[in-house]
Amino acid sequence: MRPSSRKLDQMRSVSIETGVMKHAEGSCLIKIGETHVLCSASIEDKAPSFLKNTGQGWITAEYGMLPRATNSRNRREAAMGKQTGRTQEIQRLIGRALRAGVDRRALGERQIVIDCDVLQADGGTRCAAITGGWVALRLAMNKLIKAGIVSSDPIVDHIVAVSCGIYAGQPVLDLDYAEDSNAGTDGNFILTGAPKLIEVQLSAEGASFSRAEMDQLMDLAEAGCSELVAAQKAATE
Amino acid sequence: MRPSSRKLDQMRSVSIETGVMKHAEGSCLIKIGETHVLCSASIEDKAPSFLKNTGQGWITAEYGMLPRATNSRNRREAAMGKQTGRTQEIQRLIGRALRAGVDRRALGERQIVIDCDVLQADGGTRCAAITGGWVALRLAMNKLIKAGIVSSDPIVDHIVAVSCGIYAGQPVLDLDYAEDSNAGTDGNFILTGAPKLIEVQLSAEGASFSRAEMDQLMDLAEAGCSELVAAQKAATE
Amino acid sequence: MRPSSRKLDQMRSVSIETGVMKHAEGSCLIKIGETHVLCSASIEDKAPSFLKNTGQGWITAEYGMLPRATNSRNRREAAMGKQTGRTQEIQRLIGRALRAGVDRRALGERQIVIDCDVLQADGGTRCAAITGGWVALRLAMNKLIKAGIVSSDPIVDHIVAVSCGIYAGQPVLDLDYAEDSNAGTDGNFILTGAPKLIEVQLSAEGASFSRAEMDQLMDLAEAGCSELVAAQKAATE
Amino acid sequence: MRPSSRKLDQMRSVSIETGVMKHAEGSCLIKIGETHVLCSASIEDKAPSFLKNTGQGWITAEYGMLPRATNSRNRREAAMGKQTGRTQEIQRLIGRALRAGVDRRALGERQIVIDCDVLQADGGTRCAAITGGWVALRLAMNKLIKAGIVSSDPIVDHIVAVSCGIYAGQPVLDLDYAEDSNAGTDGNFILTGAPKLIEVQLSAEGASFSRAEMDQLMDLAEAGCSELVAAQKAATE
Amino acid sequence: MRPSSRKLDQMRSVSIETGVMKHAEGSCLIKIGETHVLCSASIEDKAPSFLKNTGQGWITAEYGMLPRATNSRNRREAAMGKQTGRTQEIQRLIGRALRAGVDRRALGERQIVIDCDVLQADGGTRCAAITGGWVALRLAMNKLIKAGIVSSDPIVDHIVAVSCGIYAGQPVLDLDYAEDSNAGTDGNFILTGAPKLIEVQLSAEGASFSRAEMDQLMDLAEAGCSELVAAQKAATE
Amino acid sequence: MRPSSRKLDQMRSVSIETGVMKHAEGSCLIKIGETHVLCSASIEDKAPSFLKNTGQGWITAEYGMLPRATNSRNRREAAMGKQTGRTQEIQRLIGRALRAGVDRRALGERQIVIDCDVLQADGGTRCAAITGGWVALRLAMNKLIKAGIVSSDPIVDHIVAVSCGIYAGQPVLDLDYAEDSNAGTDGNFILTGAPKLIEVQLSAEGASFSRAEMDQLMDLAEAGCSELVAAQKAATE
């Protein structure tokens, strides 16, 4: 029934290759099916000014998409002279999600910038960016620990994200583009490794949804996220 | 326990005054406690170009906040030369929510722009904007119907929104600013009059949350939204 | 003869409601007929850098108009990414006018920002903004005096503004939109309570004017301004 | 008494050299003392879209100042990415003034753009731009007439401008920079050759002024403008 | 003597992997040593408006660099709101170079956009972008030919580019970052497969150079370019 | 054969008038035939921040063109809100060229800004800007030396620039606009007085070129530059 012939509760194949950007303190190329996102972590010695003298650090994220990552070419945001509302919304989400998994006091007054650049898009790019961004962050934290710059691990738990939605009347896990562009309801679920919830964003396009459907999507998301946590562990341990 | 001494499931007082902007096709001033939002609907004869020859119309929204709507003055976005990511995120949300309550084919190839400007802010401005924006939209649709420009009512159902969150460990309804800035988890729930769900956005700031807590917040939201639908009916019927 | 049936030297009704924005140090909603402007004063502890170590303060103003304040919707300046030349010209005028009524040395090295936002427009918005902006400024100054932050009153005199013009060949006072858009010559007169002149701006659109006509407009302006000073007194004393 | 030892009612020397830009349809370099402005007129075959099918043309103006036209270098507006409020105010004024001297119906549906670029500044740049801009416009109109593109002369009258102000308590004509930066009141007067008034802008910086003073400034302005009209005639006839 | 221990006339290893972006009409990942650039070609049905009704097409290029492609993180151009002068200079160069190898009449009135995004930088990114951009262009042209949209091959010859410079007093081929940042003179040479010259850009930083040195650099460039042409052939034939 | 009837190796007439901007520390109006560029040098007491505590100064340049310097009017960059890629490329080139002729350590931690504004364009504006910019720089350096602010002359050598190209199959010196817009290959050569090479930029538009042709253009450039050095000497000694 699904365009990809996957089962309703089946994720796409997940692959995470680390160390792909030689200059970054942490990096990975995450592939969720045909969605490919290059993630890097850059450590900066200073925290943003609103944190001065608080003893706390910050995690922020920036998101971009190559113009031809998609089926028809998008205008380059740098050439347009601004980031779209969609881009800003996504990068705020990534930063907020990753901060939820970090003890910012243990990090101390420094900032880690997570760059997530979509090389190829096939649905679920923001979820892939969060899952891959965490891997880059984990590797950068390892560097700080190994160098003795931080003494206790600032990472509190894994952070992973997956999209679910109602496609052709059925709740399905990990929407690809063909499904995403036709789903009546879809959403993103961000979870910890515990698993506990960090963020839920569910939105109906054209059709409303019921609490029962919302519960089914939550069940799918929990299953998918446990798979993503395993992939993060395999890549970083 | 709440700063305002409200009960956990108690909304702030709701007031909706219509017809407050003489030039607009529909308008209202909605007050949810000390949060005041001026909403207007402007009918435009043309739909956006991506809808040309589809027979469908569009609803879009713009959101702004007066510089001194808040406790300390914010920079004016027009003077900064751009809308913040927060503003863009909110206005995309308002537009998406209101479109979910409209049969865009019945509207025909025209656009209605909903402007939501916060005159005074005390938490929950985006929810007030959605609830008030629907009233302005309803009044503009009445004009189109009365003038015989549309033959069947494009409005399918009420759209209302309320925020809920976990404050001091307790799920509470309709957060004001004092609560919002201290809540561990908070979110926005957008519902129809049915009631069915249109959008759920739940986000943890610093602490994760469980599915049980999510359910409690959903219960509060359903109760609050039914009160808002009643206020919309009183204002427009 | 006038579209509103007013006499040539008759102003529209004037109403000034104070204390309408709970966060601002001073605020009012001024209504000159159907022109409604929300004015607030925000006190900032620092003067602009060019005044550092001079012992003098500054008054500045920002002006905006809600998109649907006018008969057909205007584009939102924040969305366009810049303020129009008209907006910048008006806000420079408001700031200059209000500074003329203030002893900036008595104010000390702080800044007061006057925000003037037009909720509904029917001609004469810049004049209403100046007259209402002075009220917000007066109230903020009262706060500084009451708190003992300034010792002598920085306000030297009232500042009020009115438009006059030649409509259908006749000099008339306080142009509304219907007159303004058809006047051969129109202008803005900014006066003190004394009354003395602060600023005169007279401009012919399509037809030149004589010194005799200029004198007649000055007479009308003096009469109108005395009425506005009385309204300011009633609102603030 | 004046820094330049001029008499109170004495203008600076005026020189207008025409034909200085080989590509332009009309051009001149106007020097009012040490203030040098290069003015050009460019004829465009199309009127702005708001005039389509009205049979009327348009005159618009743009104003700029070389970064080192002034005593200390100003930032280049093109590099800053925007025109200042002052620049926009000035170019709107120039355009409005020149349109007042043109029969836009006789011009037909075309646009003439007047560019005024200040090569060296010593006070009164906007007045010099208007006076010189009219010369460029006159020459361009001559070309249109000679080529038979317009049949009756669209120029209705001369347009000239001069600044006057109260310096050291005395009304003086044609302020230079040393006076302008110390004047209590100053203003710009735009007149026709008739002479009739087109625009009066008087503004007090720190001190208010009386109607009697305003009258004295008007007298000075009329005398100065008649000198400027003579210079325009000498340059173009 | 060279930091990489390469001989003076030795290029870095060259690798070109094609078909790496599934949505693009042509794409490759080119690696010149540690410099990695992702290139794509997007065919658009319309030529730019200045070519309307000329029967000719256009090739344009856009260039970007991921923020962490470099040793210390660069600000993201989309977030800054503009492309730097360096970026614009480079993308103009790429477009000009590739157009030199195309018969734009054979292409017909369509446009091909070449996007070159630097994933990792170690000197010579603009040369790699040109060499890789040509491969993407070649593949897109193959599609047009195969689909019968163009009848004769619009590609006239190979286009390749290499940098050369004077490092530690010696002319060297294909500068890496360690050399590039210390070279007294360096430049970029763009050649056809013939080989003939398309563009030469030589620039001294701190030291001037002689015609004899210029000749030596030309010799190196010719040798390097012939190697690059061979790599392009291997990748596309 | 040349549109101007010049010989293949003949430059246009060169004129350099100094001291034309009274506020600038150095200035000249350079005319190369009908190309007129106004150049000024502004001394600033501070070097850019990246040079702090290095003991070295900086030379930077900005370039502009009046809208009607060209045959058809160009949009004003300040009004567009950004400098074009062409402008940025040119001003980077001017700054780089002039720095090559300066001992930045002898200058000390200060900056000299060279503004080059094209009043009239007929090809070769960037070369005229470099040649004239050097004159403004030389005059400003003389002021620093005379005032005892710098003790040894920071100017190391003359810097001049000329364009050459292949027009109608023939190598020609100093292209004017009629030639420039039809040349198959053209380029800019920047030389010192020695003469040694500072920068060579050769680019084919539509046709490639050979090393033999490149040599012929170099010969022409050397001859032209020696003439320009003589003109600089005449203007500044």
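In this document, chain identifiers A, B, C, D, E and F correspond to the written order of the chains, with residue numbering beginning at 1 in each.
We adopt the following convention: a contact is a pair of C-beta atoms (placed from the backbone, for glycine too) under 8 Å apart; a residue touches a chain by one contact, two chains touch by 3 or more.
Not measured: the values here are computed from a predicted model.
Separation of subunit C from subunit F in touch steps, taking the shortest path, is 2.
Contact with subunit B and subunit D alike is made by C. Annotation, subunit C versus subunit E: rotation angle of 180 degrees from the Cα superposition, expressed as a multiple of 5.
Each chain's centre was taken as the mean of its CA atoms, and the one lying most distant from subunit C is E. Rounded to a whole number, the gap between the C-alpha centres of subunit D and subunit E is 51 angstrom.
If each chain is reduced to the centroid of its CA atoms, subunit B and subunit F end up 59 Å from each other. The mean-CA centres of subunit C and subunit D are about 28 angstrom from one another, to the nearest whole unit. In subunit F, 81-82 are the positions where the chain touches two or more neighbouring chains simultaneously.
The assembly's chains link up in one ring whose order, counted from subunit A toward subunit E, is A, E, F, D, C, B. Listing the residues of subunit F that touch subunit E in their complex gives 82, 85-86, 88-89, 91-92, 96, 100, 187, 192, 194, 196-206, 208-211, 214, 218. Against subunit D, the residues of subunit F that register as touching in their complex are 21-24, 27, 34, 38, 40, 42, 44, 62, 64, 66-73, 76-83, 87, 113, 115, 117, 119-120.
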